[in-house]
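A single structure is presented below for examination.
The chains carry the letters A, B, C, D and E, assigned in the order they are written, with residues numbered from 1 in each.
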Amino acid sequence: MTVAVGAGIDERKKRAHPLLTLVRRPEIGALVAALAIFLFFSVSTQAFLTPAGISTWLYSASLFGIMAVAVALLMIGGEFDLSAGAMTGTTGLIVGVVTTQWGLNIWLALVLALAVALSIGAGNAWVVMKTGLPSFIVTLATFFILQGCNLALTKLITGSVAIQGMGAVSGFDQVKVFFGSSFPLLGMDVKISIVWWIALTALATWVLLRTRPGNWIFAVGGQVTSSRQVGVPVFKVKLGLFMTTAGAGWLVGMLQLFDVSTVQATTGVGQEFIYIICAVVGGCLLTGGYGSAIGAALGALIYGMTLQGIVFAQWDNNWLKAFLGGMLLLAVLVNLLVRRQSGVRA
Amino acid sequence: MTVAVGAGIDERKKRAHPLLTLVRRPEIGALVAALAIFLFFSVSTQAFLTPAGISTWLYSASLFGIMAVAVALLMIGGEFDLSAGAMTGTTGLIVGVVTTQWGLNIWLALVLALAVALSIGAGNAWVVMKTGLPSFIVTLATFFILQGCNLALTKLITGSVAIQGMGAVSGFDQVKVFFGSSFPLLGMDVKISIVWWIALTALATWVLLRTRPGNWIFAVGGQVTSSRQVGVPVFKVKLGLFMTTAGAGWLVGMLQLFDVSTVQATTGVGQEFIYIICAVVGGCLLTGGYGSAIGAALGALIYGMTLQGIVFAQWDNNWLKAFLGGMLLLAVLVNLLVRRQSGVRA
Amino acid sequence: MTPGSIRPEPILPAAIRPEPLLEVQGVGKTYGSVRALAGVSASVGAGEVLCVLGDNGAGKSTFIKILSGTHQHSEGTLLAFGVERRFAHPREALDLGIAAVYQDLAVVPLMPVWRNFFLGSEVTRGRGPLRRLDVASMRATTKHELGRMGIDLRDVDRPIGTLSGGERQSVAIARAVYFGAKVVILDEPTSALGVKQAGVVLSYIARARDRGLGVVFITHNPHHAYPVGDRFLLLQRGTSMGDFAKSEITIEEMTALMAGGAELEALAHELERP
Amino acid sequence: MTPGSIRPEPILPAAIRPEPLLEVQGVGKTYGSVRALAGVSASVGAGEVLCVLGDNGAGKSTFIKILSGTHQHSEGTLLAFGVERRFAHPREALDLGIAAVYQDLAVVPLMPVWRNFFLGSEVTRGRGPLRRLDVASMRATTKHELGRMGIDLRDVDRPIGTLSGGERQSVAIARAVYFGAKVVILDEPTSALGVKQAGVVLSYIARARDRGLGVVFITHNPHHAYPVGDRFLLLQRGTSMGDFAKSEITIEEMTALMAGGAELEALAHELERP
Amino acid sequence: GCTATESGADTAAAGEKVTIAVVTHGTAGDSFWDVVKSGAEQAGTDLGATVTYQGDGDPVKQSQLIEAAIAAQPDGLIVSMANPDGVKSAVEKAVAAGIPVITINSGLEKSLEFGAQTHVGQSEFIAGQGAGEQLAAANVTNVICIIHEAGNSGLEERCKGTADTVGATVSNVQVDVANLADAQNTIKSKLLADPSIDAVLTLQTGVAVAASQAIDEAKSPAALATFDVSADVTRLIQGGKMLFAVDQQPYSQGYLPVTFLTLQKRNGDVVGGGLPVYSGPGFVTKENAAQVAKFAENGTR
């Protein structure tokens, strides 16, 4: 009557199809939802599947996507950053102001803006960790402060609420190669931000799944006391996450600035929730500890395709938000269904 | 060597000052923060403490406060409602459209709007509970849908983005007594919404602390599986909470409509987060299971005083948001400090 | 309907065993792709203590979660008081007088001890809109019931999350005993308890049995199970190894069955200093 | 420095007892207004097992949380390897080779079993930017270490939150034993374990002791404590009732001390059927 | 503005302390209202008056701001009325409290009825009509009007006014002004989806810049026109990438009423004689772009 430990195949486990095991990832639902939306707009509109059309929605998705991936990492780590949207404005405005008004070298300006962004991110992390206040509320305060400063300082220094004459700054075209250029591919006009997006998603996935810091991100988001007890450097992990998000804000700020060659004081306000939506649609839990970078990228793709698809479909634009809401609900429902079917938990 | 069980005063517990026990409530921090802000603006501006000034910020606080109290209940129950802001617009627009365009009796219109609001609330609850999706994302979708419908339907039916001629509807003045009137008190011109606010806060506090449903609200927000296991009707509780929030949205919609006798398609958009801010400043946990209605009311008071106080202080309105952010941070920090000092946990 | 006539292998003549309060026939449960329980039959009657024994992961908690309505069984039938049932919600089981202590205790950490004690079964006074919680009486009851278990809480208003592991477990047990009208189900209730408190729980079980309640009791400690148990259900890797009456088994046999034989002797030697 | 000369009441001559690895002198801890521990002195040396015994809420978990760096003591001193210390973070204790199993296990429910096993001490391969987790070896080690405890997991990729209580506890123990270099601290490690697994844990403790590690072991089961323990620290309501060597106390005395005297005898009668 | 008070507070009428409150429906950071604000503040500095400026697009909030302003008892109140019903009671309260009120920008029709002394500005609808006429002159057939803030009634009025006179199909496109890169993308999508579009009308200067690039990227032949002026816009006009910009001269919508109210306080002048003062419409085209450019650089056009 002794127990047969490890006696070959375990009779207590149903056999799972190998494919099923493969698809048991958090992002599988988002992938199916993205495919569904892609098919829908491909069939129902003409311009969606043309090379020009594809590059439009890819570009739209890429800007949301870069931030969404960073925000997803942060959310997996159990925190929010509501100042992420305003940060894209802040960094753009800094570069704009110091180059057009004070004639600073554009490369220096870039570094300066990055430094400011990273310090703000570090500041967020510091306040959150030292006070124990929820990051939702701390970064909301940061958001308000950034929003106010963006407006008031820009106005104070430039006399108006937008940066003018950015295109005439010397060195602008050099920098544009990295942030605002595009190259032809298969008939499409691919913006450089799409490359950034894909590269960052790949990097984030690698970090999350195959490195120690990635392991720690899941841990601090899942159970912070337990993580601390087994020796995870909680403070450093969260500091890194907030700074990553701020850094992504800088990147998107630059991509926007060098694309439209102007930036306004209100840039980025209200965008922070779109990033969170993308991350959640991509399978991140709001409570932390679960999610994926690829999922967030897919969430951004869904959002970008929907946003531009609605324009291609030429629906009455007053309904825009209603369509967006419906699509969002559909996407998360498909996501849920697929994940239930394939046995992914949470 | 037997243990002296219950031997009078417990040697293991430090004596606590009776006052300390009294102040060990979640809202104590918000109260101190509110007092600080009150004193600050009373001293630094002239108009803040005049009767006219007081009634302005009280009125401002009351509209936020009614929703904040409802949202706080929902948050204690572990859920969010991001459609709460847009709901104030939806209900106002329904009443406006059916009375000015279709000539429906104004009382019927009120009931109709309430019915619609409650069904939307029930719908939110149903989707959240049946799918297990986070309410953050479900109500975000509802928010988008409401926002889109508010705009598109209003434009479709009235041809413009605001309701005009509401004041000329027969019966308007009767209804205004309940929702848009004001009465003199100690030289102030007290708006009726302040009465609603105080009454609802008292009611919510009573329900939370002294009734069975109140107990259940804390339980479902604190640990939903445990609550289910001991027999708490989780679905009913959450349904009730979502419907309460929707009902509060209706009330605020009416208060605004009958105050200014017009309503715009964009009314309420962006307000949802202010309610959450008020609740959190008032001591609610974002993770649910902890908080108070009085705290949320105090949070709204802080927000209202700050918003109007900044106007009275005649600071440049470009800085408004920055000040707001600073005040918010200050308020939560004071809150935290006070609660730590008085030994309130969480 | 006499359930005794349906049961595949009646161990005692139906006349001697009491009518079963709760009975399962061939129940099983699958979590996603994990088969946790399969084909288990057992029953508990009034005034009987059914001990469920088994290794870690044998499916004991799964078994009692089916009885208490937390999980639905994926196969087999569950009879409560002679009627076939499929609990959709633990509330339904509670309403029939079936109360449970779960291994993870089912408490709400942030809520005060007394609110946890009465959660779902609050005492109210007054009527209509004035119906309100009877806070004073609930506080007093909580303090008293915990005191009976040898737990002397400084303050029943503390969030239950700040209690020690054993104190928390005691609250859950005291609650189930207080509210269990017909059947009490206990999942490893003594695991975190001190010697004295564990003794109190055992005496509670004996007293409940004597009052005519049915008790289902899970434990890893044969010294706890044998004195109070009437019947012993042994689970292994999700299947039943049999349902024995006390008369059919000795404590040594039971321990050996639970532990997997001779290994224990070897252990005693190993623990010695070399 | 010979800590033996500072200790107020040396129980054995300093020559016989090994140098203490961990030592506390008059430590205490207050949570807000709750005094959980006061004036406790004890020590554990290499190759010694210190058992901490006491009623529920006596302060045992608090005591070991101070040793492992989870909480800081509010009074008294803590010496680790002869040096006065005040751990700000459990990492500091871990880095000194002190590993702990907490009563609440310190696992991250949503993470796979193998990631939990290696959390904070991940194995990597490759260098520089290519430094990456050695997933295959970590999976294999996890499966192997759990197998040694008699836990045969179907799938080490399952989230640890879906394991049974005992399986989860086994993961935490296997981890502490695997990583504990000098001192292993175990808070009620056997509470949720089956007879066999509990035996394995006891043999682990004995083996760790024989390898020259210091072990701090909390349990409510005198039958678990007595065979492996060298010294017994008895806590009651937050204060120390003494620190006994095995030679100074019998298992019966110890049980009586833990349970509060004669009550146990009365209990045996009570459990009988009336 | 304090210097004047210090120098001759006792003698000169110009030294008398005047406070004027401006409450508009413009949200903070809106480029049009920012110029209005600059105008009002400059007038305050020039005349030695204290000017406070607040704005909120929601009528309930705007009413609250007006009431807060009344509580501070200013010497004059300047209000924009996008939704006249919404601020009616607040404005009437100010009038009842004896505070002279001037309405600006929109709300001309209700201005006198509510008790305001005069109205300065030009309604959005009329400005839209002006844009429509100009576009009609360019023989366009299919116009998209880019709304950068959903549900903003002022923007809706501009598009409506354009549709009223242009004699072509006008469809609205919603974009988000907080995300210009995506706005550019959306305009591009629209142009790709409907190649028959031959004119794009933007209502904000930043969006205008984005639209001009979208037209380039979509390789569309569409003409571009905008409301409001900025340095970048004048550059686009000079470069031939934009037909014209509608200039409502927002600076004067801020500057003039402050001047009027200050005069009234110091000198008893009631300007306007019950009739409105029009601030526009002006058009910036290739001919006059160079002149306007230097003012636009200062943020005053």
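Simple rule for what comes next: contacts are C-beta pairs under 8 Å (C-beta built on N, C-alpha and C of every residue); 3 or more make two chains touch, one makes a residue touch a chain.
Just so we're clear, the structure is a prediction, and the values are computed from it rather than from any experiment.
Summarising the inter-chain layout, the chain whose CA centre lies farthest from the centre of chain B is D.
In this assembly, C is the chain whose CA centroid lies farthest from the centroid of chain A.
In this assembly, the C-alpha centroid of chain A lies 43 Å from the C-alpha centroid of chain D.
With each centre defined as the average position of its C-alpha atoms, the distance from chain A to chain E rounds to 35 Å.
With each centre defined as the average position of its C-alpha atoms, the distance from chain B to chain D rounds to 48 Å. Along chain D, residues 34, 55, 104, 154, 162, 260 each make contact with two or more other chains. Residue positions of chain A with contacts to 2 or more other chains are 12-13, 151, 155, 270, 285, 318, 320-321, 345. Shown for chain E are the residues in touch with two or more other chains, namely 28-29, 150.
Across the interface of their complex, chain C is touched by residues 31, 34, 54-58, 61, 103-104, 151, 154, 158, 162-167, 170, 188, 191-199, 202-203, 206-207, 209-210, 220-222, 227-228, 255, 258-260, 263-264, 267-268, 270-274 of chain D.
Residues of chain D that touch chain A in their complex: 68, 70, 89-91, 94-95, 100, 102, 104-111, 115, 118-122, 124, 131-133, 135, 147, 150, 152, 154-155, 159, 162, 175. Chain B contributes residues 127, 131-134, 136-138, 140-149, 151-152, 155-156, 270, 273, 277, 280-281, 285-287, 316, 318-326, 328-329, 332-333, 336 to its touches with chain A in the complex. Looking at the complex, you find that chain B touches chain E at residues 46-47, 50, 52-53, 56-57, 59-60, 63, 147, 150-151, 160-162, 164-167, 256, 259-267, 269, 308, 311-312, 314, 316-318, 320-321. Of all the residues in chain E, the ones that touch chain B in their complex are 28-29, 50, 52-55, 57-60, 63-65, 67-73, 83, 85-89, 150-153, 156.
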